[in-house]
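Got a structure for you, written out below as structure tokens; questions coming shortly.
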Amino acid sequence: MSLLELHDVTARYGASQALFGVDLALAESEVLALMGRNGMGKSTTVKAICRMIPAGGTIRFDGRDLARLPSHRVARLGVGLVPEGRRCFRDLTVRENLVAAARPGPWDMARVTALFPRLGEREGQVAASLSGGEQQMLAIGRALMTNPRLLILDEATEGLAPIVRQEIWAAIARLRTETAMAILVIDKSLSELRAVCDRAVMLERGRSVWTGDMASLTPEIAERYVGV
Amino acid sequence: MTRERLFNALLLAGLVLVPLAAQAADEPFTITLATRAVILALAAVGLNIALGLGGLVSLGHAAFFGIGGYAMGILASHAQSYAPLAEWPILIEGTKSMPVIWLVAILASGLAALVIGALSLRTSGVYFIMITLAFGQMFFFFTISWAAYGGEDGLSIYVRNGFPGLNTLAPLPFYGLCLVLLCAALWLFDRLAKSPFGLALGAARQVPARVAAVGLDPTRLRLVAFVISGAITGLAGALFADLNRFVSPAMLSWQMSGEIMVLVILGGVGRLFGPVAGAVVYVTLEHLLGGITEFWHIFLGLILLGIVLFARGGIVGLVAGRGGGHD
Amino acid sequence: MTEPILATRGITKAFGALTASDDISIDLRPGEIHAVIGPNGAGKSTLIAQICGGLAPDAGQVIFGGQDVTGLATPARARMGLARTFQISALAMEDTVLQNVLLGALGASGRVWRFLRPALKDRALRERAEAALARVGLADHARTRTAELSHGQRRQLEVAVALTLRPRAFVMDEPMAGLGAEGSKQLTGVLDGLRAEAPILLVEHDMDAVFALADRISVLVYGRVIETGSVETIRNSPAVREAYLGDPA
Amino acid sequence: MSPILIIEQVLNGLQFGVMLFLMAAGLTLIFGVMGLINLAHGSLYMVGAFAAAGVAAATGSFLMALVAAMAAAALAGALVELAVIRRLYDKDHLDQVLATFALILIFSEGTRWLFGSFPLFLDIPDALAGPVTLPGGIQYPLYRLVLIGAGLAVAALLGLLIGRTRLGIRIRAGENDREMIAALGVDISKLYTLVFALGAALAGLAGALVGAIQSVQVGMGEPVLILAFVVIVIGGIGSIRGALVGALLVGLTDTLGGIFLPELFKLVMAPAAATSAGASLASMSIYILMGAVLIWRPTGLFGARA
Amino acid sequence: DVKVGMITTLSGGGAGLGIDTRDGFMLAIDQAGRDDVEVVIEDDQRKPDVAVQLADRMIQSDKVDVLTGIVWSNLAMAVVPSATAQGKVYLSTNAAPAQLAGRGCNPSYFAVSYQNDNLHEGAGAYATNEGFENTFIMAPNYPAGKDSLNGFKRFYEGELAGEIYTQLGQTDYAAEIAQIRASGADSVFFFLPGGMGISFLKQYADSGVDLPLVGPAFSFDQGILQAVGEAAMGVKNTSTWSKDLDNEANAAFVEAFEAEYDRLPSIYAAQGYDTANLLLSAMDAADISDAEAFRAALKAADFASVRGDFEFAANNHPVQDVYVREVIKEGDIFTNKIVGTAIEDRSNAYVDDCSM
């Protein structure tokens, strides 16, 4: 059974519609890539799942319909979000950022700082004064602190140094092998996605237009939907 | 024609026709009420430049309103008593001429806005709200104890000031004057909003760092807006004092600042006719509700609350739909 | 060697115990793209802030156009011809895309103190703004409200605004951040063409873009420039590999 | 002017400051932490004072009156939050100003409708009445000493709550990014209702405590409200410590200014004119203080953000 | 027929005063049972600009003949000059600032209440009679406050231990009380109307300073005494009226007021009541359309005042006694009792400045 299931999901920002029908399914422990060019609706899909915007169609998580739940209930069901643009709590320290999100489970302060030692070093610094990359790590760590069953990473490697990026991909790979966590990744680096993801969904103009195994994602398809 | 424009046109037509009808029906008080609405609208248009275009939430605009009022009160009372304002270094006499009074009101309140703005604009956000409030309070307490001009009792003048060629004592001509000034201010607001200055000011409200990065000084843009804004509100203050033939510290109270701001928000922040709609509705409500019950403030409060909660973009937003202004 | 247009001389900046910029001297010569790379938190944005006037250095100078501009405010430097883009898009979200580029054109033209003529009616300003939009591929979106742009489109607009300034030097903080592969490619093309107009000091983590564009690369680690050189030198420097690049994928 | 008098006046200034802090504490909690400009905070203060007066008249117990004040204000606060305030969080300060301005009108006239137009009676309990003699022979009202103690206790408790507890951290996180903290699984709405009720209860407590030595009447909240705003802005919004320091500064400035400025002016002016000019300047002094602090430190003494 | 416009404060913090004024005034009108007076009542919210506009409306639209009701001097200053300039009669139920008594006097303006200084003058005279030699005096820093201290000093012959102006609306008086304690005064005169007075009295009582207090009636009127409670007990205050003033009209008034409104009247109610009766008496003697005659009828003051003998001085302000009262408790209710007369037949200090 799928952990997360979207069927014919639509969404709009005021007068302008952004999603016109997105279908996707994600099984327990699966790693799925959500791909598409800029502005095709990837982040909007994520917001719809997390109930940060109202959406049409059906969204089910672990068999439950999310349509009527407030955002925090979705999170408590086990959806951990690393949002586009990081959105760390600016005035809180690194430690407080992590504490604010914490819920019981294997992921705690120690484990997060083990994954990202930099966060341990900057524990008492307020998030606003962190470098972009440090903030990104904090956002991932914060999502992990909620001990999610599904981790959503929206452009989680944006703006990171290659070496850190490698670290993060390695971390994702580790999460994939060492935990049962399902992961939904949005990223622009095709090669990295190929390495960690089981399957991919392509979005175009707010519609899911292609779904398949990573193996079947041919260069032609990539060229057509993401332009490389 | 968009719905907003239609609404604006209707509002303006109402402002022209209602007092004429009142005149015909011999209901001079309706004209007085309309004059009050128009003058308050003018004050609010002034604030709308700072608030709507510049995003400067000033809770001290009553200071400019009051300075305008005192400009009129002081000049007129000196004219009334034939005692010059100053004899040294130059002789300054009082005057009962509206154009001169207006000019003085604009200059004085603009100057005050320059000083207050230059100091206040070092802060932003909530701190800006509060520091403007503090300056307002300083002026308020100053006028309360300014014995030379009546202190808390304020200053009365016995006859309304004059305007060349018009009988300002009659309600209608005075109303006409006020309406013309309001229209001029609206025209200015409209022009400003679309002008390069307005564009840059709007950007300074949203992303000051960007504005600085293209070579413009956001603080200077805001300061200019604040000065224009204060000057217009000051002009309204002079008219208000003339309407009442009276000026007192009450014009500078923080409640007055709050009321001017309420007019803008009620009508629609950043909307051209927002302040006008706000003032007309507020004055009408005040007038109608007051007659119904002693506890009419409760209903006024409920209506205001309803507008904030259910009409984004104020009255104009409600009537004309979103877009244009901002909230 | 030609005179550098932009240079820092021994810039130092500390935040408490942390030295974010440690005696940095780099320069930008006409016609080049000089990339600054380095790990997260190395001090790249801090360096840019000091070059552009957002932060005052504790020590050292910023020289622009042969003049010491260390004491000048941001707008003054911009008026002298220094254009920047922000790591996190700084755009007027309520305004249209066109208005955002018009703002840039305005800043450059010095015609901001006009109160009565509509900005949109100023032909010269408009042409300048529209040209910049066309260049980054946003011409079709001129009338769109900026809030409605996707992240990637905002990045493009960010560059377009800097273009309108027609500056003597660009300083760009991660212009590619958040752009899709295709977008990066397109923007790489734009920047490539730009260097003829004005040199670019480019902070970027997108190594494909950096290696494709840069004439020189400086590597910043813990606030210090550990190496400056050509793409080849940097690519093969063990120190840079260790601190930043990691193993080639 | 004798040293004793000066010490006593300093004490008065401190005490006035602590009194202001009681009011400012709830305000800074709501205003700083939840990012809400609550002009109606003075109304909750009034609700507390009226509830206390009502209950004190009925039961004769001051303690019951205090409990009633906090309960009534907390209830009023929770209701207001549920009905109005929660629709304002995602709006900007302007809408908050208008809505809470409207609430002032409703509360003030509603209270007058319920309790009539004349001030109510609320007095110091007998056990705390009258002066005590402090070391140095200073006579000082016991009740005011108790006020000082109560204010400092509130300061300490609040500081701990907001700074140290997970609840406090989550509240502050919500202030930075409400949507995001919800997306991390925190029910921010419930949290905010709680905080608002807590802030309201503090206002109610202040209203009852202060009401016992002032007048319990409609509109009593507004002058204090302005002073409380001045206090938290000087201290830096959201900072409990700032509110305390700000309150003491304002208390001292106001008290000592009122006394010493006229004396100072007498050195250069005729006494009558000096008294009047000194009093005028004294009435402006806290605003001058606030202006000066903000010009020097645009985000207040302990504030980090605008 | 006569149409009366009453502008008074019916909402906000000062509403009690306006409500008493209105109720006292209307009591007299109702008692007269006449159908030839009509009263329009409006709330000025204690804002001068609102008062001015209400006056305009009453004059322009309602076409009233007589205006009345304003409680506060600053509102009176805003309304009265222009109302009288437009030929309307203004009868003051309370506020009577010096400016309108002296050079600003007007034949159409009658202060039925007092001249503002009167009560303070009474307090000064009382302090002198009582043998106080070193009084500490204080008032808020606004015109009425300055008039107050001047009025007190006019009749006070001792020394001043201190003279301070407090802030308008001030709520904490610890600093002033400390100054009083340190000043070596033998008595204290204070003018702090409304909530300011309540705060001061409570704090003073709690401070352990026990010098005798004197003040004008404003801090001791029926509306606020209950709120002050014990703290006011025994304090001397000066007034031109008191509920135990021994005359027939007053006894009838107090009884009728209590019967009608279920509370004791205040000085504002008494003044409102007198004002209405003065108006009615003038209507009996002259027609309002004959302005000259009507004003003469008013000036004759041919009505039974609750203050006993009543006549107008040349500047249309009363000549009356100023009494000294003491706060007492009757059953559960705090109220005042007359204990003496401070000045008899007091006119006012501005008569000679008035040329009419």
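Things worth noting here:
For reference, chains read A, B, C, D and E in written order, and residue numbers begin at 1 within each chain.
FYI, a contact is a pair of C-beta atoms (placed from the backbone, for glycine too) under 8 Å apart; a residue touches a chain by one contact, two chains touch by 3 or more.
For clarity, every value in this text was computed on a predicted model and none was experimentally measured.
Following the contact convention of this document, no chain is adjacent to both chain A and chain D.
Annotation of chain C and chain D: jointly contacted by A, B, touch as defined at the top.
Two chain pairs, B-E and B-D, are compared here, and B-D has more C-beta pairs in contact (counted per touch definition above). Look at the CA centroids: the one farthest from the centroid of chain B belongs to A. Centroids of chain D and chain E (each the mean of its C-alpha atoms) stand 34 Å apart. Note: centroid distance chain A to chain E, computed from Cα atoms, is 74 Å. We define each chain's centre as the mean of its Cα atoms; on that basis chain B and chain C are separated by 43 Å. Of all residues in chain A, none touches two or more other chains. Annotation for chain C: no residues touch two or more other chains. Annotation for chain B: residues touching 2 or more other chains are 141, 144-145, 147, 295-297. The full set of touching chain pairs reads A-C, A-D, B-C, B-D, B-E, D-E. Those residues of chain C lying in contact with chain B across their complex are 52-54, 73-76, 78-79, 83-84, 86, 90-95, 99-100, 102-104, 106-108, 110-120, 122, 125, 161, 164-165.
Interface residues of chain B facing chain D in the complex, by the touch rule stated above, are 51, 57, 59, 119-120, 122-131, 133-135, 137-138, 141-142, 144-147, 254, 258, 261-262, 265-266, 269, 295-298, 300-305, 307-309, 327. By the touch rule above, chain E contacts chain B in their complex via residues 10-11, 42-43, 47-49, 52-53, 56-57, 60-61, 73-74, 77-78, 81-82, 85, 97, 99, 141-144, 146, 167-168. Of all residues in chain E, those touching chain D in their complex are 11-13, 15-16, 19, 141, 146, 163-169, 171-172, 174-176, 178-179, 181-182, 194-196, 198-199, 202-203, 206-208, 223-224, 226-231. If you check the complex, the residues on chain D that touch chain B are 31, 37, 39, 84, 87-88, 91-95, 97-99, 101-106, 108-110, 112-113, 226, 229-230, 233, 237, 276, 279-280, 283-284, 287-288, 290-291, 294-295, 298-300, 303, 305-306.
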